Amino acid sequence: MVDLLSIDTINFLAAAILLVSLLVMASTRMGQLVRSFAIQSIMLAAISVVLAHYTGSEHIYIVAALTLVVKGIIIPRFLMYSIDRLKVHREIEPLVGIPASLLISGGLVIVAYYVTEPLISSAEAVTRNCLAISLAVVFIGMFMMISRRKAMTQMVGLLMMENGLFLGIISTTYGMPLIVEIGIFFDVFMAVLIMGIFAYRINQTFETLDTTFLRRLRG
Amino acid sequence: MVEILLLVPLITALLCAISRSERAIFVFSVAGSLITALVAIPYCYQAFFEGPVDTGLWYLDPLSGLFMVVIVVITALVSLYSVEYLKHDRTEGEINIKDLRYYHALLHLFAFSMLVVVVVDSLGLMWIAVEGTTLVSAFLVGFYKKSEAMEASWKYLIICSVGITLALLGIILLYASSVDALGANADTLDWSVLRSVAGQLDPALLKISFIFILVGLGTKAGLAPMHTWLPDAHSQAPTPISALLSAVLLNCAMYGVLRVHILANEAVPGFSSSLLIFFGLLSLAIATAFILTSRDVKRFLAFSSVEHMGIIALGFGIGGPLAVFGAVFHVLAHSLTKTLMFFGAGNVIQKYRTREMKDIKGLGRTMPTTAALLVLGGAAIAGSPPFAIFIGELFIISGALVQGDYLVAGLFIALLVIIFAGMTYRIFGMVSGKPQEGLPEGELGKLRLLPMLFLALAILGLGLFLPEVVSDALSAVVELFGVSA
Amino acid sequence: MALLLRSEKHRVYSYLCSAASAVSAAFWSLLVLLNGTSTFVLDVPSAMGDYAIRLDALGALVLLITSLTFACVAMYSLFSREGITSRGASIFNLFMLSVLLAMVADHLLLLLVAWEATSLTSFLGAWGSREDQDTAAGWKYLAVTHFGAALIIVALVFLSTTSGEVRLSEMHGLSATLGPLTSAVVILLAFLGFGSKLGILPLHIWMPDLYSRSPSTITALLSTAASNVAVLVLVRIIFDMVGVGDQHMLSLLVMGMAATTALWAAWQALVQRDGSRVLAFSSMENMGLILLTIGAAMLFQSYGAAEPAAFAIMAAMFHLINHTVFKSLLLMGVGTVRRAAGEWDLEKLGGLARTMPGLSAVFLFGTLAVAALPPFSGFVSEWAMFKSLMHAEPIADPLIRIALPLAIAVMALCTAIAAAAYLRLFGFTFLGRPRSNGAARPRPLDRVEIFPLVPLAALCLLLGVASFPLLEELTSAVSPLVGATGIQVIEGYSINFLHQGGLNPLGLSALLAGAILVVFLVLRATGKRKVVLGDTWDCGTTLDRRTQYTPTGFSQPLMRVFKQVYRPHTEVKEEPHPSIYIRTVRFEQALPEMFTAHIYQPLVAATVAVAMRVKRMQSGSIQAYLAYLMIILIVLLVVLR
Amino acid sequence: MQLSDLLLNLAEVLFILLSSPLLAGVIRKVKSWMQCRQGPSVLQPYRDIWKLLHKSTVVSKEASWLFLIIPYVCLGAMVCLAMMVPVFTTGPSGGVGDMVAVIYILGLFRFMMVLGGLEGGSSFGGMGSSRELMISAIVEPTLLLSIFSVAAISGTTDLSAISAHFAGQGLSGISPTLFLASAAIFISLMAENSRVPFDNPATHLELTMVHEGMLLEYSGRELALMDMASYVRLTMFMVILSNVFFPWGIALGMEAGELALGVGSIALKLLVLAISVALVESVMAKMRLFRLPNLLTISFTLSLLAVMSYYIL
């Protein structure tokens, strides 16, 4: 029972996620960055709900709930808290100018589609462009970490890559075994916590979160 | 029953965390690692000789047996060595009792997470364990509160997390490629299941997933362009930890790559091998450049780990009974020799209080035993014959020659000779010459020489003789790669 | 089998046992000579099956002489307190163990391990117990020999994989299976690999430095035992394992390289200032000659003339054996001189014959042998090598007709120049007036120090005078290598091959001794005469330390004759002097190290430059590292889609 | 070796020993005639040696134990050389050594003489020795190469066999190789025995003397021995030159007639050679030391051409 409505909604939401990640690339303020990450996670939860309904496997509902709670609310809250605590300079000084990074993200999306093009012919309808979009979001997340100075933006970049990953998981495999899903959630959460601790320590020793100062170990 | 093996390090970690006195921490830590070793022996024996142990969650086959041996032996030696190493640091006043407790607990947690990587059947769980090792070891890298340590741990954390995320994407694609072969049921991520159905995996998806996994886990394994975190992490971490990192952690990441390489070799023969050869040679070339020009002794050893990981990847890439046997033997030989070298470097750094190789002179007079062991280790790590690494390299070269790809063999030998020259120059430069004035003679402690002596004898023994037990175990591993040993 | 005791503690005890083990090795080789090859398969499991050792007639002969030299060197280091530390003693034992193992190794892996172990232990021995401890000399040695070992590994692995054998003795005539091109490549690789230890031209840079700055016991063993192993295994590989087939061009290449090495070494030996550097170049020159003769044997074999090839190899091996004896004698002699006079520079020695007559006599024996003068062993083997080159008649090919005379010309030229170099070495160390306080009042040598050198000197003379049993054994050992059956080299008492003019060493030396005796007796009969001690004819000026010829001055005419070869940088500076009548002029002359300057230094500089450029990759910025990750990922994905 | 061969050999040796001073006297006589002066009598060398034998020897304090042994070894070597080389007959030369051995014995003689030069530590000796080595470094290869060419033609390097081979062929044996080889050997004869173009045997001026410089330290009996040895060397060179390149008239068998012919022919040839050497000496002036290598390289190339010509022609 190919439910056309759900496929369209999934595609729409996937496209929305891609749009948000491009929005993140364009954001110049730290708060704006975190908020758009939160929106992206919420959309991801929505997709998983629709997919659960479409495929009828219950445990995806749990996953969706987890995404909504952990990624949608707790992590952004934690990020905003640490931004305030560390009195991080709100302005994001990008290494690569905003217009240039947007162009490159566009290029990355094209590359993602080019790479997944042979797979799409064999995959099912639903997963057809979700896989490409997940790959694109992963690439953009990575590029985000490369092109921004602040340690915080690197954390957010990593989380965006995780979101892209989740989109991939849901679209191709309709949810991996539950233990694995929960394990991944737990790991992502731990990673964010530990990065927060390290960011705090770096801020203490270097008085700034600007990773371009971290250049003492050479050669 | 595999749980017991995993529980022991956890308990030791807990005990170390809560024990009050310094002595108690040391006793718990060393005892814990020895017990883990004892418990691991029957499992390894089972894994090597009585066929794979497959109990749903856990899966033990000769490959995991080999890596388990490496993990357990090296962890025991590292905990033994770090007793005196940290005692010296305490006397120097660099760390307090809390840090000591914290260090030993994390050490055993690190060992636990690596054991899980090797033991678990499902690739997803394996991924989680690898992520766990990164998180735990990030703290260990940032153990000293200096700014360089912070920088090194941050870089380590970020680059490895990115790498691992890509690896997860690879695993997902692998899972996707197995969907049409096994149908969309739940537990298709178990390696044993995938192994049985490897022939029908979707080749296009498999190729892309192998690329992601190789780049992702390759970052953790220190293969060439992704190795950038390795020298920083190894030079800033406490020396026993950098020994553990380069001798064991890199191998665990390589273990993951090899698991998928076995699958990919079935479905898309030749694709993964040529990739491994490419990365092997690339890491060898880049490591050569850095070995010739590095000044810090621990960065020098870190780059030699990149070089040896390249050799192992090259060995598995070339394939064929000889080369794979060489690569498997090289895993064992490299971890033993690299630990010996790091222990030696540890002694030297604590004595001379500097890591710059040009300031370390006259080691032969100030610390004769360490100098002798360092010379042995140096000759071994550079690949001169009476030691184990030479045997590994010899087998890989003969495997390459038998396969007929002379260009690879020629490049391999040329780079090896350059590295040999660079390494011996550095190491013998350190040992000879006159030491600076006012440096007290004599070793720092007797206990730390014990593990070094054991390692030196082990690599010399492995170099000259190969007892039946070891050769049967290794050929069992080689069979796994679908190659008649 | 030589049971080696690697004892750390008692230096005396360890040297005694090394001498004992050397003698036992000699007995074993005698045993083998009597009743054919003996093969043992040790049940020690190694990565490629069980290790095995095997000693055939040829190996036994070389082993016999090498172990005798080992015994003498061990006794020498015992008495002369050189290599005093117990560590030095244990390294000496290890070195002996690895050389003996390499010589008898029949298993591929055992040979490779023993071969590199020799270079490692000799490096440790040479570098470990030295005063100024500069690693450059030792390190160059290690790096070059390791490069050689890598070549050998490739060659041997090729052989073992094509023949499927791991035992060296089972591989015969593989050139058929390998095909002409690959067998030529294998032979060339083996030649260069072993050549790195023998000092073939491009790979010789380590030899002079190592010889000049390490204890004489280690250099004595290195130049004799290690070169024996190299030549022995090389001959086995070329003639027995691979077989020469019709590789004319390859043999000419081998001859060319050997000839240039010999000539270059002879020229360099003439101008060195340090005694052991002269001997280093002399080892190079002798090895060059040996390899030239082996190259000629390959040439004959490639034209199918088995008998001349067998005679040529026999001559080469005989010269190798003689070389072992006199080279170790000379090196130990130079070591004793350096220790007694405290000077290593020839310019500062001189006049030691009067203060150390015993040593100078023994050293004279060695010099006469190495300069190939009649009654001594060097002459007989050099004569044999000349004769082996003169057998060109059976081969009508014009290529040979030109190659052999050229080879003879080169050989003659470098023996003449080398004789001049050795004469300079002996003359300016022992004769004339002492040129420094150390040489004037050397530390008195007690009787026992020269004791180990005497048997070697006696052996030099014995091998020269009565070498028939050895030659017969050698011919019978060598001919199976080349497939020549029962060639007749010894007729009655004279070595007369294919009756093209023979030499009767026994007769010749008897004649020479008899003539000298007769002259002495006749003159004694013409009555007593007074011997007055005056001072050297000095036409008025009082002679002091500086008014006599110096070794550099001695080699000046020859240097001017061969100026293009040396290309000396001469610099004449005129220093300002207050009074206009006096002009002080400084003359400086430096001989450039041709090979290091033109080949090795640019090579090393280029590699370091490339390394520096690659080093910039580790720039420290985390963004750059992530960028590498992303680029490699995208490139792979796009390329391998 | 029957008794008769032994006796014949001894006769040859005695003949050489007696005739060599005579030859030196003849060369001096012819040179003085060329300079239209009367010159010392032909027997003067005999008288010098006899006088020196009875003089006392002065040995320098700085000379080592080797100093007194060297003269005996030198003359002994030359006597041994005399026994090895066929003089009258090609018969009993003893088969002890061939041409290569002969050259090496000459090498031994030169080696010892140079050592003698370095003995006293005087700069004249050192200068003489270093120059002697410069010359001999090129002469020895020339000798060996010419031997090789002759051996290639006659198939053996044994002296008596060579001369028997050429004697049997008579005039038909002349070939360009032989001519080139004999020219090369003649030049090396002049070089080795320090005749004029290379070195002036008459004077003691340090700039010119090579051979004399080495003998400077010797006196009395030792000097006599060394002089005798160099005379014998000169004669041996001439005997080798004549017996190898123009062996006609040498006795092949043992009959008295042939022997007499052999003795006559060798005496005649030695005389002719002595005169030619003297003529060359008086015609040419002594060359500057560092122009000698050019002349020596000419002789080296001559011998190389000799070898090549045998193979190419």
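Which chain is which? They are A, B, C and D, in the order written, and residues in each are numbered from 1.
Just so we're on the same page, contacts are C-beta pairs under 8 Å (C-beta built on N, C-alpha and C of every residue); 3 or more make two chains touch, one makes a residue touch a chain.
Given the structure is predicted, the values throughout are model-derived calculations rather than measurements.
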item	value
Closest chain to the centre of mass proxy, which here is the mean CA position	C
Intercentroid distance (Cα basis), subunit D paired with subunit C, Å	35
Subunit A-subunit B separation of Cα centroids, rounded to whole Å	32
CA centroid of subunit B to CA centroid of subunit D, Å	78
Subunit A and subunit D: spacing of chain centres that average the CA atoms, whole Å	101
Overlap residues in subunit A, where contacts from two or more other chains coincide	115, 118, 142, 145, 154, 211, 214, 216-217, 219
Residue numbers of subunit C (touch at least two other chains)	615, 618, 622, 626, 629, 637, 641
Subunit D: positions in contact with at least two other chains	none
Chain contact topology (line, ring, star, complete or other)	other
Subunit B contact footprint on subunit A (complex, rising order)	115, 118-119, 122-123, 127, 131, 134-135, 138, 142, 145, 151, 154, 158, 161-162, 165, 168-169, 172-174, 176-177, 179-180, 183-184, 186-187, 190-191, 194-195, 198, 201-202, 205-206, 211, 214, 216-217, 219
In the complex, subunit A residues that touch subunit C	95, 111, 114-115, 117-118, 139, 142-143, 145-147, 154, 211-212, 214-219
Subunit B contact footprint on subunit C (complex, rising order)	44-47, 109, 112-113, 115-117, 120, 124, 127-128, 133-135, 138-139, 142-143, 146-147, 149-150, 153-154, 157-158, 160-161, 607-608, 610-612, 614-615, 617-618, 622, 624-626, 628-629, 631-633, 636-637, 640-641
Subunit C to subunit D touching residues, read off their complex	350-351, 353-354, 357, 360-361, 364, 368, 371-374, 379, 382-383, 386-387, 390, 392-393, 398, 401-402, 405, 408-409, 412-413, 415-417, 419-420, 423, 426-428, 430-433, 494, 499-504, 507-508, 511-520, 523, 526-527, 529-538, 543, 547-549, 553-558, 560-561
Footprint of subunit A on subunit C - complex, ascending	615, 618-623, 626-627, 629-630, 634, 637-638, 641
